[in-house]
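For reference, chains read A, B, C and D in written order, and residue numbers begin at 1 within each chain.
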Amino acid sequence: MYYAATIAILVTMALALGRALLGPTVYDRVLAVNMFGTKTVLLLAVVTFLYGRPDFLDLALAYALINFIGVLAVLEFVQKHSLRHPKTDQERERS
Amino acid sequence: MDFLGLYNYWVFALLLSTGLYAVIAKANLVKKLIGIAIFQSAVFLLYITMDKVDGGTAPIIQAGAVDVIYSNPLPQVLILTAIVVGIATTALGLAIIVRISETYGTVEEDETQELDRE
Amino acid sequence: MILDVASWLLLLAGGFFVFAGGLGALRMPDFYTRAHASGLTDSMGTILILSGVALQAGFSLAGLKLFTILAFLLLTSPTATYALANAAYFAGLRPLLPPLSAETDDRKTR
Amino acid sequence: MITLFAVFLLTLLVITAFGIVRAQNLFVAVMLAGIFSLQMAAIFFILDAADVALTEAAVGAGISTVLFLGALALTVDEERPRPSARFLPLVVVAITTLAVIYATFEKPRLGDPNAPVHMHVAPWYLENTPTLIDIPNVVTAVLASFRGYDTFGEVFVIFTAGIGVMFVLGTPWSRLNADDVPSAETHGLRHHLIPRVVGRLLVPFIVLFGLYVQFHGEYGPGGGFQAGALIAAGIILYALLDGEAAALRAVPASWLAAMVAIGPLIYGAVGLAGIVLGGRFLDYSVLATDPVAGQHWGILLIEAGVGITVTGVMVSVFHAFAARASMR
């Protein structure tokens, strides 16, 4: 049964990656990164039990704590910079 | 399933060349540095691939357990330190890029070279 | 035995919600609906999968760790989604649908 | 089945790498690099390298994104578009790829227990760690004791890189002053109340978890490198939320300078203590009357040194980029 959950998480990772690659706005990409992060936590949590070594849950705990920092850093950066170009970055890429 | 046994190495080769491409073909210095980071990750993957033993588990000895196969700890030690060293050296590279950007007003390699010639 | 069945059901349901949210995040038309879909995976999927795994772990250190992970995820990921949506709105990104207040005004006049 | 999961993740990894190189916008490239790091950590974990996965988690998720964004804020965030695809690099890269793939056919298959790498030194480490050092985590034992020289070198590389960044950016520790850098009034995420409250709540837990990883490294995945990166991430989170000035008041620049130097000093002092007490350099067995207890003391001390240096360097580097931005 762990396998079913793992497969669902992996497929969702692929979907989130697709969203991160497609964009179109910066916010979509950050959302995808955040989603990918939580999916990694879940994957690590399930795989520790799949391997029968639950003492490795520390890894999932580390990600659960740290993931937020990346999103906040990106948010701060976007706030400083998006004042200059509020449009989608696809438009910027075209220009 | 035999060909899957080499899949990790092929991914290593692809990542290696992706990083290499970014370093030699992109003119933007930040992009080059990201390329080096990808190249580095490819090497990490190569080492960690070599540590895996079939039916093995992470080399943290379980008390009381007998007949457990442990994966190879040595490549893990090398890569563990390499990751932290990698981020420290990347920070140094970024610092140099920041200074280049301030001096030349650009981080594109060909433009800085042109400015040098003048 | 009952615990096993319960944890399998939770894992299956969690897997379904995670997948549904992921699909939504890829297929929804604009940022805010995608944020909603991603919120589904981050809350519902996380709760179900982690409690499914926790039933297997039982009252042990692993169970406590799982509970901690769940608590931190439930604190951080909605916050991140909220902050993102907030930032996107203030940066001038508008939803595809008109704001809700226009519709409620409609209803009042009716 | 697990192999198939790994194959799937590796495929995603390659796609992400292509995406990173193709992205014109450097900011997008940095975010995709964040996803790349998450995937690497998951793959490391599936391939039985729990310690490495924890390191990648601590470094990749928190610090590396923050550093790249700090540098992007000081340079440009857009790559200049190039009209023509460059032919020569593609040919060079294609030839390299084919050559490397051709070379891999000689490699042992994944998980082959008879691969040459498993024949030589590693079995000795696995066999003798319980008797000679008596800690469960063989990775920590090899890192800190058996191959202590290597780690000593790595600590000095980190030390040197930290000093290098400070002086290349022209922001040595004496110039990092809480009064000179922007405070929360102007910077930081002051206007985002909810993220700020939640983030502040997380900071003590991250630091506490870092300390747990530091001192639990002999029994589970962890150690000085991971703990240093985690604690640094916690301090950086505080700086992001309340501005660099608040972080510099909490952990002053003079402390950071001292932390960067103390790590190699502790490490070297433990090594020299080995010589003074009649052993060899970095031979911990002589540190206590019982050789195994001596090993425990030695590993505890040098891991603490590593953790202190890594924390100091990472936080200093973060402050250096932020201070450079406000010097303009």
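The working rule: contacts are C-beta pairs under 8 Å (C-beta built on N, C-alpha and C of every residue); 3 or more make two chains touch, one makes a residue touch a chain.
Since the model is a prediction, treat every value here as computed from it, not as a measurement.
Enquirer: Top contact pair of chains, counted by C-beta pairs?
Expert: The largest set of C-beta contacts joins the chains B-D.
Enquirer: Let me have the rounded angstrom distance from the C-alpha centre of subunit B over to the C-alpha centre of subunit D, please.
Expert: Spacing between the chain centres: roughly 13 Å.
Enquirer: Could you work out how far the Cα centre of subunit B sits from that of subunit C, in whole Å?
Expert: 33
Enquirer: Using mean C-alpha positions as chain centres, tell me how far subunit A is from subunit D in Å, no decimals.
Expert: 20
Enquirer: Subunit B: which residues touch two or more other chains?
Expert: 57-58, 60
Enquirer: Where in subunit A do residues touch two or more other chains at once?
Expert: 13, 30, 32, 53, 55-56, 58, 61, 65, 67-68, 72, 75, 79
Enquirer: At least two partner chains per residue is the criterion; list those residues in subunit C.
Expert: 72, 76, 79-80, 83, 87 - these are the residues of subunit C that touch more than one other chain.
Enquirer: On the basis of the stated criterion, which chains touch which? Give every pair.
Expert: Here the touching pairs of chains are A-B, A-C, A-D, B-D, C-D.
Enquirer: Please give the residue numbers of subunit C that touch subunit D in the complex, ascending.
Expert: Residues in contact with subunit D: 72, 75-76, 79-80, 82-83, 86-87.
Enquirer: Under the touch definition given earlier, write down the residues of subunit D that touch subunit A in their complex.
Expert: Touch residues, subunit D against subunit A: 1-2, 5, 8-9, 12, 15-16, 19, 24-25, 27-28, 31-32, 34-35, 38-39, 41-42, 45-46, 50, 53-54, 57-58, 61-62, 65-66, 69, 72-73, 77-78, 188-189, 192, 195, 198-199, 202, 205-206, 209, 213, 216, 220-222, 226, 230, 233, 236-237, 240-241.
Enquirer: Which subunit D residues qualify as touching subunit C in the complex?
Expert: Residues 189, 192, 194-195, 198-199, 201-202, 205.
Enquirer: Which of the residues in subunit D come into contact with subunit B in the complex?
Expert: So the residues of subunit D in touch with subunit B come to 3-4, 6-7, 10-11, 13-14, 17-18, 20-21, 26, 29-30, 33, 36, 40, 43-44, 47-52, 55-56, 59, 63-64, 67-68, 70-72, 74-76, 79-80, 82, 86, 89-90, 92-94, 96-97, 100-101, 104-105, 107, 109-113, 115, 117-118, 121-122, 125-126, 129-130, 136-139, 141-143, 147, 150-151, 154, 157-158, 161-162, 164-165, 168-169, 219-221, 223, 225, 228-229, 310, 313-314, 317, 320-321, 324.
Enquirer: For subunit A, which residues count as touching subunit C in their complex?
Expert: Checking each residue of subunit A against subunit C gives 1-2, 4-5, 7-9, 11-13, 15-16, 18-19, 22, 25, 27-28, 30-32, 34-35, 38-39, 41-42, 45-46, 48-49, 54-55, 57-58, 60-61, 64-65, 67-68, 71-72, 75, 78-79, 82, 86.
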